[in-house]
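Order of writing sets the labels: A, B and C. Residues in every chain begin at 1.
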Amino acid sequence: MKYKQIICLVMLSILLVSCIPTRDIEKLGVINTGGVDKLDNDLIEVTSEIFHFASQSNDLTRIVSGKGKTIKDSVENASSKSNFTLTAEKIQLEIYGKETAKKGILRYIDTLDRDASLPDSMYLAISDTSAKELLSTDSEDISLDIGQFLHGLIEENSTDHLFPRINFQDFQSSFYDIGKDPYLPLFEIEDGIPILAAIAIMQDDRYVGRIPIKDKLYFNLMKENIKDMTMELGLPTKPFEKYIEKEENISKREETLHTSYNILKGSSKTKLIDQENLVFETDIKLRLNLIEMTEEVLIKNEAVIKLLEKEVNKAVKTHYEELLAQLQEWNADAFEYGSVYRSHKDKGHQLTRNEWREMFPEITVNFNVDAKVVSHGAAD
Amino acid sequence: MRKNRRSNKKTDNIFPINIDELEARLQKEFKNSPDLSFSKYEHHGKKIAVFSIPYLVEASMIEENLLKPLLNKDIPWTTQTILDEIPLNDSETITSFQEILQKLIIGTAFVYVEQAEEVVAYLLLNKEKRSLDKAETESLVLGPKIAFTESLITNLNIVRWRIRSTDLVMEELKVGNSLPREIRIVYMKSIANEADINTMRQRIQDLDVDEIEDSAVLQQYIEDDSLSIFPQFDSTELPDRFTYAVSQGKVGVLVENSPTGFIGPSSLFSFLESTEDLYMRWGAGSFLRFIRFIAMFFSIIITPAYVAAVTYQFGIIPTQLLISIGQSRAAVPFSPIFEALLLEFLIELLREAGARLPTKVGQTMGIVGGIVIGQAAVDAGLTSNILIIFVAMSALASFTSPSYLLGTTIRVVRFPLIILAGTLGLIGIVFGLSLLIIHLIRLTSLGRPYLTPLYPFQWRDMDKVFFRLPINITNKRAKSYQPKKLIRFSGKEASKKRDIDE
Amino acid sequence: MNINVTINKSLKIPAFYLFFIIHGIQTGVGIMGVPRYIFSKAHQDSWISILLALIFMIIVAYIMLLILKQYENADIFNIQVDIFGSWIGKLFGTVYILFFAATLISVILTYIQVIQIFLYPTIPSFVVTGLLIFLVIYIVSGGIKTLVGVTFIFVILSQWILILAYDPISRMDWAHFLPMFQASIPDLLQGVKATTYSVTGFEILFVIYPFISNKEKAKLPVILGLCYTTFLILSTTAISIGYFSARDLGDIEWSTITLFKNVSYTFVERLDYLLIAEWMMIIIPNIAIYMWAITIGMKRLYKIPQRITLYTTSFIVLIVATVIKSDIYINKLTDTLSSVGFWLIFIYPFVLLPLVILKKKWRKRKGSV
């Protein structure tokens, strides 16, 4: 009995040896970063940065590009130009050129979903220039290869799962969910070095506009609870006049008082108040730690703190209103009000994409900001 | 199978006989070997022969206690007066010639009065043995360092001194048709499970073999599944490990001329236990045990995982690591599976060479192997340096096993797993591991499941194998082995709490 | 034919292991794809469907135990022969065996499909089948003790997957569950039915019951096993609903595995690969129990030695699994099985129970007269 089993096992293993094609890493070109640009006449160009492991060469990475009708076709095309089999199993970042993104990126997303060998953890981003141009940046100042550098830019500028870490799964979720529009990080080349420049606002899968990167805080706050983040606010100097230290303050005062805070805890909550007139209410709660001020405001008593909090509330509220107005102009619901609306929808009717598209520019939102300055550092 | 007890006394009873004739007969048996000393004396007109093999008996004893009274006392010697007057115990009378021959070679001196009906035999065994030594193969940091020796008498002495109780039974059995050897089954009669004792005794008694070379061989003869690569008895050269197991209700076996005893029934986990866990405080003991479990798993899995990842599923390697693995792999002309097998083979060579060579050379061996060959192999582009680290780690991990037998098994298991990983990737590894686990579930030791107390699940025994608890809580013996007495001491008494300031 | 079977005392298992047997046989390939099916029926209220399914399952299990309790020590094959007579009883018994065999094949085929999609697109089916069947033969030839041990240990060994679920949970969007209570009653019931494919298997109770040593304690482990399976299905479904958007979840074939495509740690990435390989350990007890049930069934009905059934069935499975290749056939097989399974497992006991009780009463009256 036992012998039979052993013989069986041996036969099995002999059988197995030749049945699966091996994929030794030294024979592969492992795509790390991909860039997609749409060309004229229905062709797309895929530029990828690959790792290749060869004993003779010292260069670890290489940029290859290929043209084709589909992404896979283009990669195949690029593959035929290099002596490696290209595989995207370890792709970390996929970049779309701005011009390409304006026409919609959905058609390039399908393969990411369909091909099970691709990871869901890859980040998506938009390039202000064409993706090829971005990936071909060759600067002495970047010690890493460009793909790792861009990936690092995204990783280091965010915590947890917050923007700008928008991976494929996040994008897909925002895209497919009704009452939500995705937004992606946008890269720019400044002085020959790529920088994370802006938030690219998308309407469905189309790029519609950009918002400066420093506002990422406001977007993250709408999405999730945040903590340990720095926020800069410009407040009018006037209300603080009487608390500013008089004697030493000889130089002329600036119009705005610039302040920086560390957000200890920030959260937001949105409610639908009036379904008929599309009135929403968003409560924003901030617990702040004052870490910098451009004027010597003496925080001697509670009244100063109260005043400071009042001004912060006002400033944050105004900024949110501006952002919302901008989004409504583009008709891109990055703040996900549609999602709240959908959750309160009456039974039996499903909100459709187009309905919300028509409604979104009409909504009004009351922002209630509740900021508390919990501490003001080691100085008064 | 049952051993034939030979009762051929009738056939070869040659007595009474002439002394010269007896000498001739004996010399004929010991042809070509000048070992037999046959001295004849004349006393009160009677011829008396004293014969033995000189180096097997204690010469001084013969001189002082046998020859002196024999020649000096002024009485006529008969078999009966010899038995009465000679100041030696351990005497018996023998009539069978075959038996004389057998006794002769285990160190018996004989006295024969001419024309007597039987010969008087004195067991004056002079057995050369080494003195007690520190344990070599199983070394401990804490606890007794003494090890068993080749002398059964000494071993029994040690065991008896460690368990000073009339409860301790040391049953004697003889195995081997042509070259019989003494075997002792050691157990506590009020604790050990009767079924276990019977199984052990039965299996040893039923053996029908010509000879038992060593306790390790006996072990293999009486194992439940001799095709398995897993050891099914826990063998040890440490008396403290042996006696601890015996006192917990297991059955121990000691074999003459073997410095290792073995214990059954054992489970897979008992091979990973060291008595040192007991001597440590419970926290450290649990930690070390845990480390050993991890090490075994690690040792089995790491090289196959490397092979599977590099050959098929490189997706599981994080990008940074992929770059360094890729770069070191790039120079290697072989496929990963061949590379891994080559390196594992090299490590095994080093280990084997180290074990065979004298200690001093062995150390040099390690340096040559570890540094020179390892470095050179990478430089020559034969292996990647990452794999060297993995292989070295897994070899190291396999040496943490307190049982040398299990450590060897673990290293052997690795090779088929590497091949499976190289042909099927991750699926192959899981297949191999599953096969291994199923095999372990099917395996038994003395008829008891090998994976106990994991399966059959025995919650109360978890602290015996996987971790240790403070000593006052562990007041019970392992329930899985169904000892006659489960309780070691009253738990109530041990954990009684006094009030503050009482 | 004697209705009650006598089981050697050394082969009996404590009722405690029923938890693992029930859970082990219920959790197989079904859970890899079930969120999608439940969601397509009951949408964000799927969790209600699953809870309803649990209640339903517990009732069915209770009825099964009630049927079994009417006899001293009998399994379904003998009970059916007792109730319907030799011919029809054997026919029904054969239906059970065929159902077990078909489920076994469908489990293997589905697993092959997953391997081919995620790991090796070109791996021939007979290789995977061969590996699985080899292990199954090794287990089943070790007898029920080995079978139970494998189920027990493999179930425990695969629980680490739950820890990985931390990552998808942290990415969930709770708004996906809103608005609640939207699904109509028929929708919910549809959802209950969709749940059933992944929870078939606890009919094994009918077969394994005579092997239980302490039968009076059987109820609790069975119910806990059902609850634990339901808990897993509930959590994977809930995580899937929160993690994927509605439209997306409808598209994804193996949502439970896709959940883990995003998980990465500093020392290992692409946990979905590990997961699929590890899933083999989840499949093995599953198919081993089915195989064992087939061999026992054939022995009870036709007195064929278990070993012979084992080898023949293995061979047949190997051939069938190699021949069936197309997705469409596999899906058809699973669909048919889930509808047959629904009637066989969830409805049939309700029919059987009154018959068994009537027969018992009739027999008693006959005995007293």
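Annotations for the structure displayed:
Here is the rule we go by: a residue touches a chain if its C-beta (ideal position, glycine included) is under 8 Å from a C-beta of that chain, and two chains touch if they have at least 3 such contacts.
Computed from a predicted model, the values in this text were never measured in an experiment.
The most centrally placed chain, judged by C-alpha centroids, is C.
Judged by contacting C-beta pairs, the busier of the interfaces B-C and A-B is B-C. Inter-chain centre distance (subunit A to subunit C, centres taken as mean C-alpha positions): 42 Å. Averaged C-alpha coordinates put the centre of subunit B at 47 Å from the centre of subunit C. Mean C-alpha positions place subunit A and subunit B at a centre distance of 65 Å. In subunit A, the residues that reach two or more other chains under the touch definition are 16, 19-20, 89-90, 117, 119. Under the contact definition stated at the top, the residues of subunit C that touch 2 or more other chains are 120, 127, 131, 138, 264, 269-270. Each of the following residues of subunit B touches two or more other chains: 312, 315, 319, 424-425.
Listed in rising order, the residues of subunit A touching subunit B in the complex are 2, 6, 13, 16-17, 19-20, 22-26, 28, 30, 32, 51, 53-55, 60, 89-90, 92, 117, 119.
Residue ranges of subunit C in contact with subunit A, taken from their complex: 117-118, 120, 122-124, 127, 130-131, 134, 137-138, 141, 170-171, 173, 175-176, 178-179, 181-182, 243-248, 251, 258, 261-264, 269-270, 272. Per the touch definition, subunit B reaches subunit C in the complex via residues 312-313, 315-319, 321, 424-427, 429-431, 433-435, 437-439, 441-442, 449, 451, 454-457. If you check the complex, the residues on subunit C that touch subunit B are 14, 16-17, 115, 119-120, 127-128, 131, 135, 138-139, 142, 145-146, 149-150, 152-154, 157, 264-271, 273-274, 276-278, 280-281, 284.
Taken together, the subunit B residues at the contact with subunit A in this complex read 227, 310-312, 314-315, 319, 322-323, 325-327, 329-332, 335-336, 381, 419-420, 423-425, 428.
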